[in-house]
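Just so it is clear, A, B, C, D, E and F label the chains in written order, and each chain counts residues from 1 on its own.
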Amino acid sequence: MKELISKAKVLIEALPYIKAFYGKTVVVKYGGAAMTDPRLKEEVMQDVVLMKYVGMNPVLVHGGGPEISRVMEKMGKKVEFVGGRRVTDQEGMEITEMVLVGKINQEIVAAINRHGGQAVGLSGKDGGLLLSRKISGSQMDLGFVGEIKRVSPQVIDALERDKFIPVIAPVGVDENGQTYNNNADDVAAAVAVALKADKLVLMTDVPGILRDPGDVNTLLSTLRVQETESLIQQGVIQGGMLPKVKACERALLGGVKKTHIINGKISHALLLEIFTDRGIGTEMLKEEE
Amino acid sequence: MKELISKAKVLIEALPYIKAFYGKTVVVKYGGAAMTDPRLKEEVMQDVVLMKYVGMNPVLVHGGGPEISRVMEKMGKKVEFVGGRRVTDQEGMEITEMVLVGKINQEIVAAINRHGGQAVGLSGKDGGLLLSRKISGSQMDLGFVGEIKRVSPQVIDALERDKFIPVIAPVGVDENGQTYNNNADDVAAAVAVALKADKLVLMTDVPGILRDPGDVNTLLSTLRVQETESLIQQGVIQGGMLPKVKACERALLGGVKKTHIINGKISHALLLEIFTDRGIGTEMLKEEE
Amino acid sequence: MKELISKAKVLIEALPYIKAFYGKTVVVKYGGAAMTDPRLKEEVMQDVVLMKYVGMNPVLVHGGGPEISRVMEKMGKKVEFVGGRRVTDQEGMEITEMVLVGKINQEIVAAINRHGGQAVGLSGKDGGLLLSRKISGSQMDLGFVGEIKRVSPQVIDALERDKFIPVIAPVGVDENGQTYNNNADDVAAAVAVALKADKLVLMTDVPGILRDPGDVNTLLSTLRVQETESLIQQGVIQGGMLPKVKACERALLGGVKKTHIINGKISHALLLEIFTDRGIGTEMLKEEE
Amino acid sequence: MKELISKAKVLIEALPYIKAFYGKTVVVKYGGAAMTDPRLKEEVMQDVVLMKYVGMNPVLVHGGGPEISRVMEKMGKKVEFVGGRRVTDQEGMEITEMVLVGKINQEIVAAINRHGGQAVGLSGKDGGLLLSRKISGSQMDLGFVGEIKRVSPQVIDALERDKFIPVIAPVGVDENGQTYNNNADDVAAAVAVALKADKLVLMTDVPGILRDPGDVNTLLSTLRVQETESLIQQGVIQGGMLPKVKACERALLGGVKKTHIINGKISHALLLEIFTDRGIGTEMLKEEE
Amino acid sequence: MKELISKAKVLIEALPYIKAFYGKTVVVKYGGAAMTDPRLKEEVMQDVVLMKYVGMNPVLVHGGGPEISRVMEKMGKKVEFVGGRRVTDQEGMEITEMVLVGKINQEIVAAINRHGGQAVGLSGKDGGLLLSRKISGSQMDLGFVGEIKRVSPQVIDALERDKFIPVIAPVGVDENGQTYNNNADDVAAAVAVALKADKLVLMTDVPGILRDPGDVNTLLSTLRVQETESLIQQGVIQGGMLPKVKACERALLGGVKKTHIINGKISHALLLEIFTDRGIGTEMLKEEE
Amino acid sequence: MKELISKAKVLIEALPYIKAFYGKTVVVKYGGAAMTDPRLKEEVMQDVVLMKYVGMNPVLVHGGGPEISRVMEKMGKKVEFVGGRRVTDQEGMEITEMVLVGKINQEIVAAINRHGGQAVGLSGKDGGLLLSRKISGSQMDLGFVGEIKRVSPQVIDALERDKFIPVIAPVGVDENGQTYNNNADDVAAAVAVALKADKLVLMTDVPGILRDPGDVNTLLSTLRVQETESLIQQGVIQGGMLPKVKACERALLGGVKKTHIINGKISHALLLEIFTDRGIGTEMLKEEE
């Protein structure tokens, strides 16, 4: 009985957070270790379902991961990356779409449903959700690597009103019907803006932004948009973290209240982010807040 | 961090129960020690607010307790009980109503609101909620002690749709406008039937129905409506427990799914009842379920 | 038959007024003789129910009257007034709340229901309706005498949509949960502003504002907000009338269309105010109207 | 002031009737003297507008009256009646429709609007309201005299929800598009059934059904459907009253709660019917009520 | 089968137009040959019903035509025109209304219904649709010839939401209840503005605005509002075309997107106007579009 | 102009069919040549979009076709069929799902969107749409070949209310989360029953049921459910047609009004089926209709 009571107290401790996030929309970029480690995977699904049941509106955007390369290789297709981005010709795009929409997305949908949620998988083609265009400003032609031109969130609105959890594959289409592979962080940021989300959470495999990359004790818990430029100059924000910070910046300037870069390797990282005061990882916000 | 993760796990363990009770109406008779002990009081309020936030529709019915006698004595009014029921003349009825509606009910409302809920106090007069009549079958005239003739739950419907938590004082009125004091267990049972509630929970100061009243290890966890008669014959159900069992019986026959007699002296008893498999106290249900 | 026809004609005469007030919200401060005289009391209840049925949305705010002092004395509590306001310590506040919410409010609710309306009693605690704070600017500490800081009218909205008549006791609560006794005229004005009411009617025991207090023929039928200052200077508005005029002023500046100070001693004063061209008592409005 | 108060009392006396008829649908066959006498006409319009404002849903069905013959004669068309029914050839039908829909109906609409209502004129063609067929069982061919085959009340439903008062001309159309002139009493009865009306009121120029036609003191105030057959046998119900009683019978059997045959020559006859206990004229109902 | 397939292709060709006009409101002034030639009449009705079924909201306003004069003459009333407008005394107004509302309007309603639509006839009196006043600026007193002062489109809103097609007779009424005959083009323009229509279509008996009236090859397909003044100066727009162009101008300035003057003598002119790229007749729009 | 008018006439000819199918749900099994021939493909998409715009609710269920085998072979996976059904082990199931959901489904969605529709792709996992189980009664173990146990159409309901066109891949999942490949005809029939569809259309590569398979003139246009058994006995219904007829039978017994087996090789076969009197192919219905 004692143990039961102490469990009840934990629930009660969560109450202020539940109240604070009631009715709020949270867009989660799901990727990294949390997507490959079976135990972490289950925990994310549980977290998302719990979020839905206590009144939040979670929306998942997932990336691709090693699965795309694996299938490509199996189909005798050369795998090539330039600057962290996959070079994608027409055939590669078809394989990428098949894996993202027909495999990874569906696995997430099935996992959420197994935990009692009601997920619906969406690609950027469904309901014209993601209008893409060829990425600009790249020095090399990466093929069908796109960036988001416009989000049409009506299909998400229809689903959320009916209690479904949208799970989005980062595949978009341009005005001519050409399919593009988009960066999942970028898609998550654009979707968060279009949904006027309260939070954007990017799951990564690192603890957040570290002043000294070798020392987790130098984690920057909170960051103002205004400080990023100088941190980039100093080399604190660099490499794979750079586009993530840029995505957060775009989200904040587009009206999202807060963004979070968290370590998906931590058990129930999503829940901890929402149900603890300090959160985990690096939180970004605008000056005036 | 470890402690945080273990807390997150407790939340996740609650998920199946949250799912199971999502959208369900739970009528709680609030009384006994849980209403006089300040710590227990706070815990009940927390439990109720949590229930609301995770999607249940809790409705509270409270009793009077020692406060009525205290005010009566202060106002120079004799306090008299017959068979556990307060003898209530016109002046006594007025004091009773004043204390129930203007003091106890408002304290509960304020406490729920302090914990972030949105409570609204109701007496049986509000919106014609409780139509009473003089109690029948009593050997002695107890004065204005009533029983419920009809519940008109429209005012509760209006409030629940708008996210309020109804808190009901067991004061009723007959067709001629005469006020009656009603037993709170009976009111809770009648309201549960009128609302087609999924659960009726009676908070008491005992662990439930004990086969041997001196031994808590003889607790009857589950009881079928059909077994009560024989248990009354055997003297297992007797005294103050008898009318409570009768109230549960009426609720079950009226369509309520399950009833529970629980020990309000246990910390977070309400939460434990709902968020654990076995529940606590004695659960009653109909044969076929 | 002739008599019947002449009655029908009276109904027809009311038609333009019914049309003019269809769908309008009218907040009524109910107090004074109309609350103590049994015949006047019945008439007010009839008027209110009629208003509801012909399409208006009446909202009642009541004061306390002699009942509070009577109960206080009975409970051996000293009754003390300073500048027309009751000195209220913690125990006095509890008694005041008990009488206002548990007795006076419930009597009004029961009376309206007896006449076929569907009243619901509310205190400022219900649904967080009235946020109070200690009255400022008073030279003496009156204890828990409050003023209104904010009105949260959601609970009234919920009830009006469902055809109920809200009856409000002027009890408020501050951010720390401390209960305050508020002036009913002030509460009525604040509620009228929060509901964007079309009319605020203050029932008093005098005919309105008289230029010569001894001569009812000097009644000021209409008053512009701009004229009040000069009338106060001249001593025409003074004593108990002063806070009432101030309440009207606040209501008008807050967007209420018209306010009325009427004589509750007149039979069906409320109805006359609404169903006659000139109205009765003193009407106040803003310059531009 | 005294006079005002006594007027207020008359309004209050109306309250029980307003409550009793709140939200009820009342279909009125408007005809006879009430349609030709200018003063009576105005009074009916006032009555109808008042009914709407106090929460009823009045629906008017009007007849033709002398106007049709007047226009026919002016257009050099022979006027002919057989058994109280106008013989109607194609040209006569066109004139009849023009007068009913383009003149009488519009005059009523304009008069209601002048009194503050929002009337909308409808013929049986509008929204396919009245499907007619050639009257059967007539010994002589009367031409395009029809009876009602089906009422499609969707257009009335659309208008009532938006606070309009429907005014119906008794013109119908058959499956082939042929226009028919229908008896207004029959149309009123059929519309009352289709709308599941609470009341059907037929305005006539006589006091109701008289046992002795020469003596108004022999008025039958209440009649059961079961008694009509015997009263027809006895010759008490005969002549022009016979089809009216038959229309009432059909309405009652079709589910209308009560029907009334009243004297439209009385000032505010409609209002008296509704706002007095005994009503006026002859009321008909079914046995079990 | 081949013929069937080629028909299917025609349907498919219509798809872009159906999409473009989905949910759009189109006000049509129906008059001229299209109203007198039986075959053209049927075709207009078919066109209107089709427009409704493929998702548009057509609203018809019809004129009077030769029928009014015919009935007037039959009733021994002198027919007189001044400057193309009918001189209308009180008796003439009554006949005009009777014919417009009771004959022409009802024929159109019946015809639409025969083709499977759900039409409802409205005059300017119904629901207070058209508030008129005596036409100003006329050198001669034409009697009750009016111009539109205000449109109250609530009755149309009520009907459109319920899938009905409104058919409007150009009869209006002033504040004193006096009936006026209004020009149907003017009514159509005013209704289009009040409904924020996307299109106003005026059906005439000419191909549109011709630079050389004798040569259909000089048709002006598109016209900017800004060009009309100069075309009037040049005498290109003159005679009966002048008031039509003025009506279009008012509609465009009032917010209607496009106006069209088309030749109602062409089979399915309405459909062609909507389901072809170039449209037919003369299209008018504002500069900026 | 003449050509235009004759096109308008074709549109008008479609009107009765548009009316007849307004608001009706039509489930289409899309497969065969219509899915591989690029021109036919485009035509089907146009037909579906047109159906949506003229008020129908089309729902597409597609099969897999040669694409699955192609990808399997490319990935070095053996392709094996038994009795027309693909033998599907775990790895084969993953490839099948990837191709069905991530390739074929998305191509259809993109094509519909390109023609102006708003399609949303769904697998049986999305929103728990298709609950499957291992196919029973098969003599050989085919692996993860499933049959439909339950359809949960809430996700379709949510989408249709918002004007989206659902496109369903026949992938289901059992209670343990195991994925199954289902026959698309069976899925279409089950979905049609769950949606209470008015029509089920199965697109094939043959003209329908032929009494003599070699002679298209022996096409059975209409078939009663009751006749199928005898036609199976006679060998008229056999081979690949047998399961299709069985699917139709289940749909009809489940409440679908009509089913159609049509030749998808005909241009605009869907449109012809709906917009012609006789339809094309073989129509099946129940006796009583």
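Everything that follows uses one rule, which is that a residue touches a chain if its C-beta (ideal position, glycine included) is under 8 Å from a C-beta of that chain, and two chains touch if they have at least 3 such contacts.
Worth saying up front: this structure is predicted, and the values here are computed from it rather than measured.
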Which chains are shared contacts of chain D and chain E? none
By Cα centroid distance, the chain farthest from chain B is E
Per Cα centroids, the chain farthest from chain A: D
Could you put a whole-Å number on the gap between the CA centroids of chain A and chain F? 36
Chain E-chain F separation of Cα centroids, rounded to whole Å: 45
Suppose each chain is reduced to the average of its Cα coordinates; what separation in Å results between chain B and chain D? 55
Could you tell me which residues belong to chain A and also touch two or more other chains? none
Could you classify the connectivity of these chains, where an edge means two chains touch, as line, ring, star, complete or other? ring
Could you read off the chains around the ring in order, chain B leading and chain C following? B, C, D, E, F, A
Which residues, counting only chain F, touch chain A once they are in their complex? 71, 74-76, 94, 97-103, 105-106, 109-110, 113-114, 118-123, 125-128, 154-155, 157-159, 161-162, 164, 171, 173, 177, 179
In their shared complex, at which residues does chain B touch chain A? 1, 4-5, 7-16, 18-19, 22, 43, 46-47, 49-50, 53-55, 115-116, 266-268, 271-272, 275-276, 280
